[in-house]
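Input: a single structure, listed below in structure tokens.
We call the chains A, B, C, D, E, F, G, H, I and J, going by the order they appear; numbering starts again at 1 in every chain.
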Amino acid sequence: MTRDQVTQLVLDSKRRKQLKWAQLAEATGQSKEWTAAALLGQMTLSAAQAGAVGRLLDLPADAVDGLQVVPYKGSLPTAVPTDPLIYRFYELINVYGTSIKELIHEEFGDGIMSAIDFSMDISREADPKGDRVRIVLNGKFLPYRMY
Amino acid sequence: MTRDQVTQLVLDSKRRKQLKWAQLAEATGQSKEWTAAALLGQMTLSAAQAGAVGRLLDLPADAVDGLQVVPYKGSLPTAVPTDPLIYRFYELINVYGTSIKELIHEEFGDGIMSAIDFSMDISREADPKGDRVRIVLNGKFLPYRMY
Amino acid sequence: MTRDQVTQLVLDSKRRKQLKWAQLAEATGQSKEWTAAALLGQMTLSAAQAGAVGRLLDLPADAVDGLQVVPYKGSLPTAVPTDPLIYRFYELINVYGTSIKELIHEEFGDGIMSAIDFSMDISREADPKGDRVRIVLNGKFLPYRMY
Amino acid sequence: MTRDQVTQLVLDSKRRKQLKWAQLAEATGQSKEWTAAALLGQMTLSAAQAGAVGRLLDLPADAVDGLQVVPYKGSLPTAVPTDPLIYRFYELINVYGTSIKELIHEEFGDGIMSAIDFSMDISREADPKGDRVRIVLNGKFLPYRMY
Amino acid sequence: MTRDQVTQLVLDSKRRKQLKWAQLAEATGQSKEWTAAALLGQMTLSAAQAGAVGRLLDLPADAVDGLQVVPYKGSLPTAVPTDPLIYRFYELINVYGTSIKELIHEEFGDGIMSAIDFSMDISREADPKGDRVRIVLNGKFLPYRMY
Amino acid sequence: MTRDQVTQLVLDSKRRKQLKWAQLAEATGQSKEWTAAALLGQMTLSAAQAGAVGRLLDLPADAVDGLQVVPYKGSLPTAVPTDPLIYRFYELINVYGTSIKELIHEEFGDGIMSAIDFSMDISREADPKGDRVRIVLNGKFLPYRMY
Amino acid sequence: MTRDQVTQLVLDSKRRKQLKWAQLAEATGQSKEWTAAALLGQMTLSAAQAGAVGRLLDLPADAVDGLQVVPYKGSLPTAVPTDPLIYRFYELINVYGTSIKELIHEEFGDGIMSAIDFSMDISREADPKGDRVRIVLNGKFLPYRMY
Amino acid sequence: MTRDQVTQLVLDSKRRKQLKWAQLAEATGQSKEWTAAALLGQMTLSAAQAGAVGRLLDLPADAVDGLQVVPYKGSLPTAVPTDPLIYRFYELINVYGTSIKELIHEEFGDGIMSAIDFSMDISREADPKGDRVRIVLNGKFLPYRMY
Amino acid sequence: MTRDQVTQLVLDSKRRKQLKWAQLAEATGQSKEWTAAALLGQMTLSAAQAGAVGRLLDLPADAVDGLQVVPYKGSLPTAVPTDPLIYRFYELINVYGTSIKELIHEEFGDGIMSAIDFSMDISREADPKGDRVRIVLNGKFLPYRMY
Amino acid sequence: MTRDQVTQLVLDSKRRKQLKWAQLAEATGQSKEWTAAALLGQMTLSAAQAGAVGRLLDLPADAVDGLQVVPYKGSLPTAVPTDPLIYRFYELINVYGTSIKELIHEEFGDGIMSAIDFSMDISREADPKGDRVRIVLNGKFLPYRMY
């Protein structure tokens, strides 16, 4: 059973059982953001987490095993995403990429924001002119090492 | 004078005068994030903003004019960025793109986060295990219109 | 059942039953343009709309469910479309893209035409020298926000 | 003098003289849409049109000649445009391409909308919830010929 | 049944029955060139044509229906074709493209040769030094419209 | 002096002197099609031909030499051409490529039409419904060799 | 049965029966190089050759038919090959391409080496420092035709 | 002085002085094939070789130095070459790549033909039906190492 | 049975039997690095090695045969890898590629490090600030041959 | 002065002064590997390091400043490198990428080897059968964070 097949089983069962990501996050004991990424085939679950998710979603044993294998990551079918919601983030990198680079280097020096020691939080911000999506990216700064 | 030439003049002068983005932001009256994007050739300045920046950076009149022209946006040389700092954001879209899509659709229904009615805030978060980069993305949710 | 499989079921049934897009639009209560996009896997139907379409096309319950899931959008197999009808629109962007940009910016300032708060109308315009296709694109202007 | 150099001269002079596209359109005797496309290097001017534009913009004789040469068309630097305003039109083709194809074929049979015997009209539509961009595309339907 | 499956059925049956394209062209009442393109999934047959071809090739009803649906055109698997016979035509565009453009514009002014109001004829030309392939392309000249 | 620079000199002088390709073809003693390809940097002129063209166009000695060097061929800036006139030929290959292959193989067996032992003729065909472009491609059939 | 399926049958049977390419070449009466290319789906066998190969490999009738159909050529999955043995030849073109061009043009004038009227011979050359692969490419020189 | 500039100087001087590659090969003491590759910017000359070539071609000291620097190799502007002579070799890899792989592996086992411990010989083979180009590729077989 | 199918069988069985790569390496008698590459479809096993692995993993005879066939190498789905672990190595080539080239050429002259006569060793290096991955690449230097 | 221009100055001066990377490394006080990367435009020097390098290489003040600016990293002109030495490393990723992933995950769990907290050491290993290049990559293991 490939990880893509596991992901499809998860999505089908989640829809049938009308579960929310927050409910699945209770099973993993992590945030809804990490849990969604993990169940969409991008992260590795512990045996306990996979078991809890498997019980909630009635997954077969093979799928529970599959959730514990480190996946080949990368969830998009093309280098430039075609889906408008996802494309907007690609556009932000295109438009703001050099600005983000300038500002991080000014503040921290040469290095990067980790995409591994990283967390993300997505929430709704009420606004009378139309509610807003608020995404907080939080990654450890990693300075380039001299040697 | 192309906008790329204006950007180069801005960067050269900023370096020579040892100015910070926050100081340039005082000239535009906007955030350091918007100001960096604008001066790196991605946004359009008003006449007053361009004038103030021009005085601070000793820019020629042509360049001050150039800052008021709507630019052809997109600041990166390749579809997949090679610079490690910028690549990490592309990686986040690759790894988390489908998760962000699931979570926004669960919360808001079908639509997107605007990349136009949008703001960004980059800050340092002190952490004993190594300081962290904190980036807040904030965009209006735009629901797909039925018609 | 993937959304592509739902789309194939819709097209097969529509052909067998000799239905027009305008008839399907009566079931959704929206325009033929929106309805075609939705049934071709690009928009999300409400439960009532999906039910009405399902009855008209004799779709299985799974497909009716599938129509209510937000799809991964993007309906074309290649970055540059090979189909001549669709390519002509790509050509228009290539030839007229900078003109559209100049004229919208001259009229509205820096910003974009929304592709989300957007509608489209396709009609036939009788013409003795050969009838014409008339397509009206109508999108909200979204100015870039300063912050 | 390459056509790109002519275009740059036109844009520089237009900006210096603070001319609108509608004013340049008076010189060509055509619409502002055709005129913008022509002066941005995508269409061929007649000798009279090139002369009138040249006088209005103080172009050198070489540039006036250059406007009368049939250009190598295509105004964008990349297959997928990075500029957000232009990208939205590419997105519309991606999302709506198959719908446009279905609806035109249902109405007209197999064939295409011409991108040559074609006109475009861009206007502002006042709207209390935010003004809208209205673009009318109008092209002759060309049926595939049997032979 | 997808159009590709229809095409495969056509090719299999044609081979088994040892039919020539000219014989199939008698069934459609058109040239062998148009008929080959249509049966290879690039053109739309009328009900009468599809019926006649279906009888000749013993196609199932579904396939006869499929031949009457406007196909998504484009018959090649890659942007640059790998098959040597087809590549040679791509090479001709690469080598002669700008010459064809110059000569058509010199003769006709700005515009294109239609690929829709178009016919093609392929024949053998006897030659003592080795027979030659003679291909006549014939398309209506379409001048760019001013508006 | 690169061949591209030679081509630019040729085009500039041709325009200034208002020469037709047929007049340049008299200087080379070949067809207007071969001559255009040669002077656009795709073919190699003999010393006599280069001299005659050089006198007609007042080219410097370096350019006359340059015309006699075998060029790196390929006259288009992108794999898929953006210019609408040239694109139509690419579209023909996409739509008709497999048909041409079928018909040539049916007539000649396995092999190709040469793009080297090849000639081309472009002419105007008067037509009351709009004049037509007629292009004759004529290449030696080259059968695959067994060995 | 597609040609790829025929190729797979050939390879499976060849392995099971432990046959060498030279033995298959006896069945076709051609060299091992041509025979390998033909059986790997790049060349067309005569009825007699296909029958002899079919008997040797116990191929079904459909596969014997398939070997006589002119294939869509091109045996590699990507434009730049990933397999190290095949990549080395791509590298030779990259490194030596312009040298080969210079030397052939110096010797023969403008034209090409045919890849159709072509043969290839691969052999082992004993060498005390390590045996060598020796590949002889032999193609007819085809001069560009003036016309 | 970049290596590309050195190459341009070499080609210009070689043309002006009407030298053959074989004459330049006398200066390097190597074959005409290696010498062409080296002077076209793909190989590194020893000080003595660079000096001898420099004297023959009247190169400036900088260029003589440049010939001794290891170049960034790769002589072609695109991944798929557009020049017909060079393309034919790319086509051979596409058509014969898997055959070459099969035959070398059958003879030698798993490994590659070296493109470094490699030599090439290009010669003319007289043939009454048209002279032929004969290219001998000769590379050491390198077996994959187990470890 | 394709090699990809063999690889899938190997991975499934390894997971079910909870074997480590080091245990499989005992069966091949080679290092864990070579063994992993071989069983992931990149190297060719001897009959003895394939048999030992097959017994350990309970592979069917077809799969044991498959492991002895020289594979088409290249284990990644895209030219630029999307998986973050693998991407980091691509990034190292992008960032350090020219440095590695300079340092090897300074030490050895013109030539390459072999990727065939090559071994690799991956180990854990304990470090109080966080353990480190240590990878030793070891390849024979191959000097370019003059000839 | 762009960073590329600084790099060119460094390389020109290093060649003229016949300096080794190890000598430049004495000026930076770091390894030859880090120093080469930094001077080839991939790392940021401190003021003291830039000053020391500037004195050794007689760089102008502008270049000394340029060495202290964080560069846009990525040193290669194409996604797949054409230079054979650098390509071999790309090939190693293609062939061994999945093996490296498996072995690191088996040893460390899900995470990556850092390309930032990273060092590299390149050395010559004497070998009677031909000296070897030995490259040690050493990067901190970064486990994926749960949150």
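To be clear about the criterion, contacts are C-beta pairs under 8 Å (C-beta built on N, C-alpha and C of every residue); 3 or more make two chains touch, one makes a residue touch a chain.
Chain identities (UniProt): A, B, C, D, E, F, G, H, I, J = Cyanate hydratase.
Quantities reported herein were computed from a predicted structural model and do not represent experimental measurements.
For G-I, the equivalent interface among the listed pairs A-B, D-F or G-J is D-F, as over half of the contact pairs agree by residue number.
Relative to chain A (Cyanate hydratase), the chain whose mean Cα position lies farthest away is F.
By count of C-beta pairs in contact, I-J exceeds the other of the chain pairs I-J and B-C. Our note on geometry: chain B (Cyanate hydratase) versus chain E (Cyanate hydratase), Cα centroid distance of 49 Å, whole angstroms. Chain centres here are Cα means. That of chain E (Cyanate hydratase) falls 29 Å from that of chain G (Cyanate hydratase).
One finds 31 Å separating the Cα centroids of chain A (Cyanate hydratase) and chain J (Cyanate hydratase). In chain A (Cyanate hydratase), 33, 72-74, 76, 79-84, 91, 94-95, 98, 101, 105, 111-112, 114-116, 118, 142 are the positions where the chain touches two or more neighbouring chains simultaneously.
Under the touch rule stated earlier, the contacting chain pairs are A-B, A-C, A-D, A-I, A-J, B-C, B-D, B-I, B-J, C-D, C-E, C-F, D-E, D-F, E-F, E-G, E-H, F-G, F-H, G-H, G-I, G-J, H-I, H-J, I-J. Interface residues of chain D (Cyanate hydratase), counted against chain B (Cyanate hydratase) in their complex, comprise 15, 78, 80-84.
The touching residues of chain J (Cyanate hydratase), when paired with chain I (Cyanate hydratase) in their complex, are 20-21, 32-33, 36-37, 40, 42, 73-76, 79-81, 83-86, 88-108, 111-115, 118, 120, 122, 124-125, 127, 129-142.
On the side of chain H (Cyanate hydratase), the complex with chain I (Cyanate hydratase) involves touching residues 30-31, 33-34, 43-44, 70, 72, 98, 101, 105, 109-112, 114, 116-119, 142-147.
For chain E (Cyanate hydratase) in complex with chain H (Cyanate hydratase), the touching residues are 80, 82, 84, 87, 91, 94-95.
Against chain E (Cyanate hydratase), in their complex, chain G (Cyanate hydratase) makes its touches with residues 65, 69, 72-74, 76, 79, 115-116.
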